[in-house]
Amino acid sequence: MALDPQNTRRYRISISCPDTFGIVAAVTQFIAQYKGWISEAHQFADPEACTFFMRYEVVADSLPFDLDTFKEKFAPLAEQFNMTWNITDSAERKRAVLMVSKEAHCLSDLLYRWRSGELNIDIPCVISNHDDLRSYVEWHGIPYVHVPVDMSNKEPHFQAVREQIAAAEADVIVLAKYMQIIPEELCEIYPNRIINIHHSFLPSFIGARPYHQAAERGVKQIGATCHYVTSELDAGPIIEQDVQRVTHHNTTKDMVRLGKDVEKAVLARGLRFHIEDRVLVYGNKTVVFA
Amino acid sequence: MALDPQNTRRYRISISCPDTFGIVAAVTQFIAQYKGWISEAHQFADPEACTFFMRYEVVADSLPFDLDTFKEKFAPLAEQFNMTWNITDSAERKRAVLMVSKEAHCLSDLLYRWRSGELNIDIPCVISNHDDLRSYVEWHGIPYVHVPVDMSNKEPHFQAVREQIAAAEADVIVLAKYMQIIPEELCEIYPNRIINIHHSFLPSFIGARPYHQAAERGVKQIGATCHYVTSELDAGPIIEQDVQRVTHHNTTKDMVRLGKDVEKAVLARGLRFHIEDRVLVYGNKTVVFA
Amino acid sequence: MALDPQNTRRYRISISCPDTFGIVAAVTQFIAQYKGWISEAHQFADPEACTFFMRYEVVADSLPFDLDTFKEKFAPLAEQFNMTWNITDSAERKRAVLMVSKEAHCLSDLLYRWRSGELNIDIPCVISNHDDLRSYVEWHGIPYVHVPVDMSNKEPHFQAVREQIAAAEADVIVLAKYMQIIPEELCEIYPNRIINIHHSFLPSFIGARPYHQAAERGVKQIGATCHYVTSELDAGPIIEQDVQRVTHHNTTKDMVRLGKDVEKAVLARGLRFHIEDRVLVYGNKTVVFA
Amino acid sequence: MALDPQNTRRYRISISCPDTFGIVAAVTQFIAQYKGWISEAHQFADPEACTFFMRYEVVADSLPFDLDTFKEKFAPLAEQFNMTWNITDSAERKRAVLMVSKEAHCLSDLLYRWRSGELNIDIPCVISNHDDLRSYVEWHGIPYVHVPVDMSNKEPHFQAVREQIAAAEADVIVLAKYMQIIPEELCEIYPNRIINIHHSFLPSFIGARPYHQAAERGVKQIGATCHYVTSELDAGPIIEQDVQRVTHHNTTKDMVRLGKDVEKAVLARGLRFHIEDRVLVYGNKTVVFA
């Protein structure tokens, strides 16, 4: 066991199901019979929702089969407990399409994490309604797709965006300060797969100009919220949040700057949780096995 | 100058006035002509409101006059700059009436700070609509006034409360988890002198059962807000705020416990700012010279 | 399953053992065969130490036996995996002896948490080398034992302290600002059962006058550390730590006050972890299943 | 006064001098006589050191003279109070030479802040002992100077570095993860002008491999410290510090990643304070007028 399980390929099993006894025993018994090595384990039961959640990581090489065989063998057990479940392979990097407008702080932060190997994703392309960030993105060897918006008719824009995302075979879409409201249709194609960063501590200051609202209300902390996008504006399941202290000395310009720092940190954490399959959504809430 | 200015009696000068040049020069010139020793100084100009704020502390013994003479001599200068102003003496402890219901966490915290000398106030009495905390308060040698509420007619309760506060000659009223809505009339008698602690990060979750609301919304941080009470529920000027991280593991019971810790810390800080005359209110906002 | 598992009696199983596969399967299989209801579960493997740790909570009434029978039935499994293990009953409150000197902030905080039901402990007595806090402790109905120290010969003091602790049948000894160094002998009688709060972010500023040291060094944050006491001063396994921002404006007196707030929060969290059997010590480190 | 003083050119006056009365009056009187508009003001007196510090910002266009005339007129006053003083012009961007090794997180963060206009500096060049980050730096249009180190004789390296810095006319040198110890001679040429980011909460874990040390000691928070470089390793005046919570779940790899996030945030804040002349050093400590 000299192997460092953190640095090896792992299978990630995510499960939610009606709570009952014997779930963990059955799952771990299943893993143990194949001499699987569990490198990380989380479980949680919501007593109100009577729902059980678990996420296990198993060192891939400790199991005698590939991902498909794993799923096939696991299926009967999943059916027995009426599980909503998923197994992924840490070696299969998720394909993340980034969408931006003109502001570069989140994009720049994510691209650093990507090129340094900190964020284990592929980025098939960056889509933007502006052309401003093309050169920076292309330096990274990533295609930049400029899809302008006609403000009087946004339908063609979103039609083109939809096609680009489909062509990119995106597993996840990251709205890294993409300042357009996503139409309901697109939300429904990618449920719990479109991640937004909102510049307030939701549910405070929903909608436009949250810093202006925050300054008006005289709050002493400003925040940011990373959430999945649903058809209801700024109301999807929250993945991660954080805040930053402000004082009367901070001008609106300062608040924008400080807010950007919170935004990029919160989005990076939320995206990491997502790509490592740590976020389980139920109702309008999340369990995050961080 | 071997004297520690932090441990000596000080005059505290608070000023707000229309912004113009020469204010600080005039004030400091005034202090310097009497050889006053400034031990702390803060100033701030809000460019949007065109309003200037300052708060100075001067070592009392370095000035050749008492508080009344100080005010008298300062008045012409104040008039010249159209100041709203106040000078207080750190040796004159403010009289703080505490109001509680059944929950003891804020009360217990404030009484510890009071009896250890950390909070420089007098507490003429604790007023409650319940009798539960009598023994604890009385151990401290502080009168406990039980004023029951008739839920079908709250008017007599608040009439009695008003009389008690008046009799106590309260400078500030601290709602240390007093779970009744203060009637407009009482708010108007004590503008910016009634301090409440609200168990959410306002403006999120205004009104009742904020933890329940927070749990429903799946937020990742819970907060507390210390604010002045105005006739609009939970909408008065914010003095201080803070948050505490929560996860799915935290039950509502945990959130209540964690929330209490934030509440008592935020209320204690907010009250300290108030009694040291560090809070200047303008519009519905505050400048806090912490 | 309408029962709230958080509010019912639970058995808490803590295990550390050499890492191998099948541990969780065996333990959960054992629980499942008796239809035990797992209400909380944590596990962790340290790849460097090749050691596995787990802590499970099981709803007591879901199992068909009492604590002694549970242990008896579990013993063969424990032996099989070479476990260091323990099972406790949440209904059996730990007996915590508090030791104090003159400062009341930690004591006051812990007593509030105790009398409000937030801290699930019994307090057989408070031991002090001074008589200052007697009245406050006795108001709570808790015996106060004054054991003076002869600074030229501390041996009789510690002899008496040892006897008092033994007579109190203490499960845990909490040094809530007890300002004496615990002799090695006493440390060895109660390994990982004496909890101290140290007023710095250890390992910074070991020993006396940490705020003075911190001010000298010009740090921008001050901290506190809750740790188990070992014979090496301030070097035992760390349970919990936190920090608080300070600025040049903060006098040493301010730092003491701010430091007290961190101290009491960190000690309360650390003690909670301990009494809920969430802390597993290995080497000079801890796993805290919070 | 419709002007936003935050967005206009300002003169920044920094002063430290023996504490006495009349300093602020004299300085503000000086400013007022020219109808100067003070847009920000901070002052502080250290009673132990009997030293007074102040920093004022004055809207440049409100004064009838340029920087040189300002200094000339101010000099007699400075002499009268025995001031160590400086006046700078916010429009004169400081020249910051960045020094890096192979790790890009701080560099990447600073370059984002620079190109987005958030950091008001000029970057004449980036100096490195490796060639790895050349392309990234050059994309920004900034010269990249590769100066290899001969580990058996570092003298030529530092000779070349010294010449490059001199040629660049650097106002400040930022060690953005430059992993070499700066020789005493270079420290003395640029006192309080070489800024380092150290990956621990100093004075904890001085020297090499701080995360390894932190993991050994089992700390619950990891930190970072931004400080001026002096000839004593990791012991110069601290500008800024912060910490980040870690748990047993965090591998050394996680700690490195989390530590990088703290490092880049702390360095960016510390550098901002420096370039805005907000840091006044005395003894081995700093006053930071943030």
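Labels for the chains are A, B, C and D, by order of writing; each one numbers its residues from 1.
Please note the rule applied: contacts are C-beta pairs under 8 Å (C-beta built on N, C-alpha and C of every residue); 3 or more make two chains touch, one makes a residue touch a chain.
What you see is a predicted model, and the numbers here were worked out from it, not measured in a lab.
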Same-site or different-site touching of subunit B by its copy subunit C, using the half cut: same
Most remote chain, CA-based centroid, reference being subunit A: B
Computed distance of Cα centres, subunit D from subunit C, in Å: 41
Subunit B and subunit D, separation of their C-alpha mean positions in angstrom: 37
Subunit C: positions in contact with at least two other chains: 4, 6, 47, 249, 251
Residues of subunit D defined as touching subunit A within the complex: 4, 6-7, 40, 104-105, 108-109, 112, 115-116, 118, 135-136, 139, 249, 251, 253, 257, 261, 265
Of all residues in subunit B, those that touch subunit A in their complex: 44, 46-47, 201-205, 216-221, 223, 237-243, 247-249, 251, 283-288, 290
List of subunit C residues in touch with subunit A within their complex: 1, 3-6, 19-22, 24-26, 28-29, 31-33, 35-39, 41, 43, 45, 47, 50, 62
